[in-house]
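After this come two complexes, each holding subunit A, first together with subunit B and then together with subunit C.
Up next is the complex of A and B:
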């Protein structure tokens, strides 16, 4: 558990972080959200002592970080930034090995760890291990960045706009992959972003910051449906309800019980026939981990009130209804 | 392209062969100089040995450049550390002022303190060498992407580990370029050492000036140019072995 107790950081007359009180439970992904200059990155850098705080204290599992040697502290905290910061003269393998090597792991254990991590972030060890950072695309480099941060299996992961510099398509893939990894590893993550959609998609909790102050700290759905003040309301925008749909996944509202014979599969045209409509397998079906926003978009596009949910083998495993999506709003608004 | 490379290599080998013979074989050198200076009585200095002067020159250049590299590197690293950053401006201005002294003046000034011979020559060359090395070390270290040094710090590398594993390897190319410039300039400047009897190929040039013997001046200058070329080529090969990592 990470606790910020009345944390303040000043730069001469400018107050970057103003009396911040915050508690992040272990295994939770907490997003620091806010416009540039709101103090979110500064707060992150106070936690791994890249910066020193002026007053208050931060504890990790009730240990004051001021009492831990900064280098030791940082080796137990993964860190991912937008520019990735891989060492250009090290291979992918050497980059990932940096912290385990500093911690004096033996070579065999490190080599195994590198392979495991590359697999985890979706890069084939055989292909990528010996490449240099300049041979990687932005998305690949960021995956290696995440692998490097996880190398020594730190319980805490700090991510400072990690997906800010990649194209929207790659960003979406990286976000999904990261969620999958986080589900598996259950790290305590602090994720800094100014993108509310990213915050809603990834966060268990969102801390909205402005001018160094914590304005609201709550779950994404409550931030959207019950914004604490007009600033947050403005920040969310008029399409808040659509952003809320990013928070929920098909899995939450899908109906599993389906008579298989209702969906008639046509292998030639790659479609599913249901209720007189041909659902194209590639474009009109959703997955368990598709967001409700995507689901609604497909429904609107093909004017259907129900969509088939398929698994990775393109087998129907359930269906999702428009009424249920509407009900999500109802519940959230209560 | 292939042909061009081959030709270049052959020409270079011939050139090196020529100079090796020139340096080691007095008779051959004499007959070569005779072709150009047919009317001059002595084309080879009766008391100065070409081989000796050549090695004195190499030692003078190497010793001053190596010392300057060592001290320049330390200085450059020091003023880019958190603890030394306050001295950055001071060191830079002192070193650039040192650069503006003419070599002859430095020599003249150091003779009273150090006497004649190798020491004043060494000091003068050292003063000239240190500027490019310090400034290239500073430039090299500052050119390392801040994102890289910062993330290295953030994942738990100590400042020392960052210096040796990140900053210096990434700045190496620029630092070597500084040493290369220094060495090449030093080969030329070292000829002035002869003024304070510091030895080297300058002795030949100076005696040529005194005796009004163009053959001495010519052979001294020729050998100095050859030496500069050799040093420069060595560095060129060295530099090509270091990949440019800063994209």
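Up next is the complex of A and C:
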């Protein structure tokens, strides 16, 4: 558990972080959201002591971080930044091994760990291990950045706008992959972003910051349906309800049924015939982890009130109804 | 379509043509009865008909291959490229014939000095062979041997014509002992100066990088040094050094004097500071903030950050500074001979005094060769020292 107790950070007479009180439970992904200059990155850097705070204290599992040697502290906290910061003269493997080497792991253990991590972030170890950063695309470099932060299996991960510098398509893929990894590893993550959609998609909790002050700290659905003040309302925008759909996944509302006779599968054209409509497997079906926003978009496009849900082998595992999506708003507004 | 129109002329060939044509009016060779004789200049028109004819053929070939009169696509035609190589080799062969003819008609004891027309033709040959092949870099070709063949041919040419008549060779033979001695002194002064410049320059570069307040003073100082003409700096040092050495006999016994090696070392060290300090400063500052910050975020302490990030990333640039300092000092050391420090400049200044161009060349050519050798080999060394992940951007 990470606790910020009345934390204040000043730069001469500019107050970057103003009396911040915050509690992040272990295994939770907390997003710091706010416009640039709101103090979110500063707060992050206070936690691994890249900056020193002026008053208050931060505790990790009830230990004041001021009492831990900064170098030791940082080796136990994964850190990912927007510009990635891979060492250009190190191979991918060497970059990932940095913290394990600092912690004096033995070489065999490090080599195994590198392969595991590259697999985890979706890069084939054989292909990528010996590449240099300049041979990687932006998305690949960011994956290596995440692998490097996870290298020594730290319980805490700090991510400072990690997907801010990649194109929207890659960003979407990276976000999904990261959610998958987080589901598996259950790290305590603090994720800084100024993109509300990213915050809603990824966060278990969102802390909205403005001018160094914490304005609201709540779950994404409550932030959207019950914004604390007009600033947050404005920040969310008029399409808040659509953004809320990013927070929910098909899994939450799908009807688990494995239909037999009413779905007619045509393997040649890769289509499913149901209710008189031919669903194209590639474009008209959704997955368990598709967002409700994508699901609704498909429904509107092909004018259907029900869509098949398929798994990665393209087998039907259930269906999702428009009424259930509508009900999500009802529940959230209560 | 204006943009798609390609240059119609092959620039290297046009240049070679201009050189061979201007050589028509310049002296090729100077024949002297002895070393101090002003000599008798031989121009192209005094050679035999065969040579004149061959010279005209070469000029015609150059015209034909430089403009699209006969061949289309002058720049990319592969056949033309081969023809050009042979024209270049032909020019060297013709120079051989010329020297051969001149030396056959000589009296005993006469000395041959090569003149501008000869050198211009050598340059034209260079443009046609090595210059033309440069374009092929990176492409697979069997023509790669031609530059080496060209150089080989030139060496053969010089050996053949030197006999015992070529001025510069005669000077060399006469001054052989002195030459080796001055060459060693030259290298000695150069490397000592660069060594001292590195010794003082690296700390200065580190301070300039670390300390914003001292930075302008350091660069102000070494930039000002660079603006003092080298001759003046050597001269300026004589008076204070003589005074100091007379005042303190201990220093005098250690070799501190107003003239000789000491002032030369001091002046050359000061000159070599700029490339070393500047490259050290640039190299250290070149490492991006995000890389260093991520190193800090991962728990590297300041020594580890310096050792595994800052230094390896800065080293290639710092070594480039050493290379520039060495090359620059090799040239500057020539002037050290003026204040009695010796070195290859000795031959240059004595040649000037005696109006003996061959003696000047005996000093200049080795310096040029040294610069070329050190430039190539140090460039290669730096390439090896550059971390693998950073390579391939410059080549």
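Quick notes on this structure:
In this text, the second predicted complex is superposed on the first by the 333 of 334 C-alpha atoms of A that agree within 3 Å, B and C clash if a C-alpha of one lies under 4 Å from a C-alpha of the other, contacts with A are read in each partner's own complex, and residues count from 1 in each chain.
By our rule, a residue touches a chain if its C-beta (ideal position, glycine included) is under 8 Å from a C-beta of that chain, and two chains touch if they have at least 3 such contacts.
All values derive from a computational prediction rather than experimental measurement.
Overlap between subunit B and subunit C is detected when the two structures are superposed via subunit A. Of the two partner chains, both subunit B and subunit C are touched by A:81. When the two complexes are overlaid on their common chain A, residue A:48 makes contact with subunit B and with subunit C alike. In the superposition on chain A, A:89 makes contact with both subunit B and subunit C. When the two structures are aligned on the shared chain, A:134 is found in touch with subunit B and with subunit C.
Put simply, of the subunit C stretches 45-53, 81-89 or 315-323, the part that bumps into subunit B is 315-323.
With the contact threshold set out at the top, residues 48, 50, 71-76, 79, 81, 83-89, 98-99, 102, 134, 148, 158 of subunit A are in contact with subunit B in one structure and with subunit C in the other. On subunit A, the positions that touch subunit C within their shared complex are 48, 50, 71-76, 79, 81, 83-91, 98-99, 102, 132-134, 148, 158.
In the complex of the two chains, the subunit B residues touching subunit A come out as 145, 147-148, 150-158, 161, 165-166, 169-170, 243, 245-247.
Of all the residues in subunit C, the ones that touch subunit A in their complex are 288, 290-291, 293-301, 304, 308-309, 312-313, 387-390, 393. Contacts from subunit A toward subunit B in the complex involve residues 48, 50, 71-79, 81, 83-89, 98-99, 102, 134, 148-149, 158.
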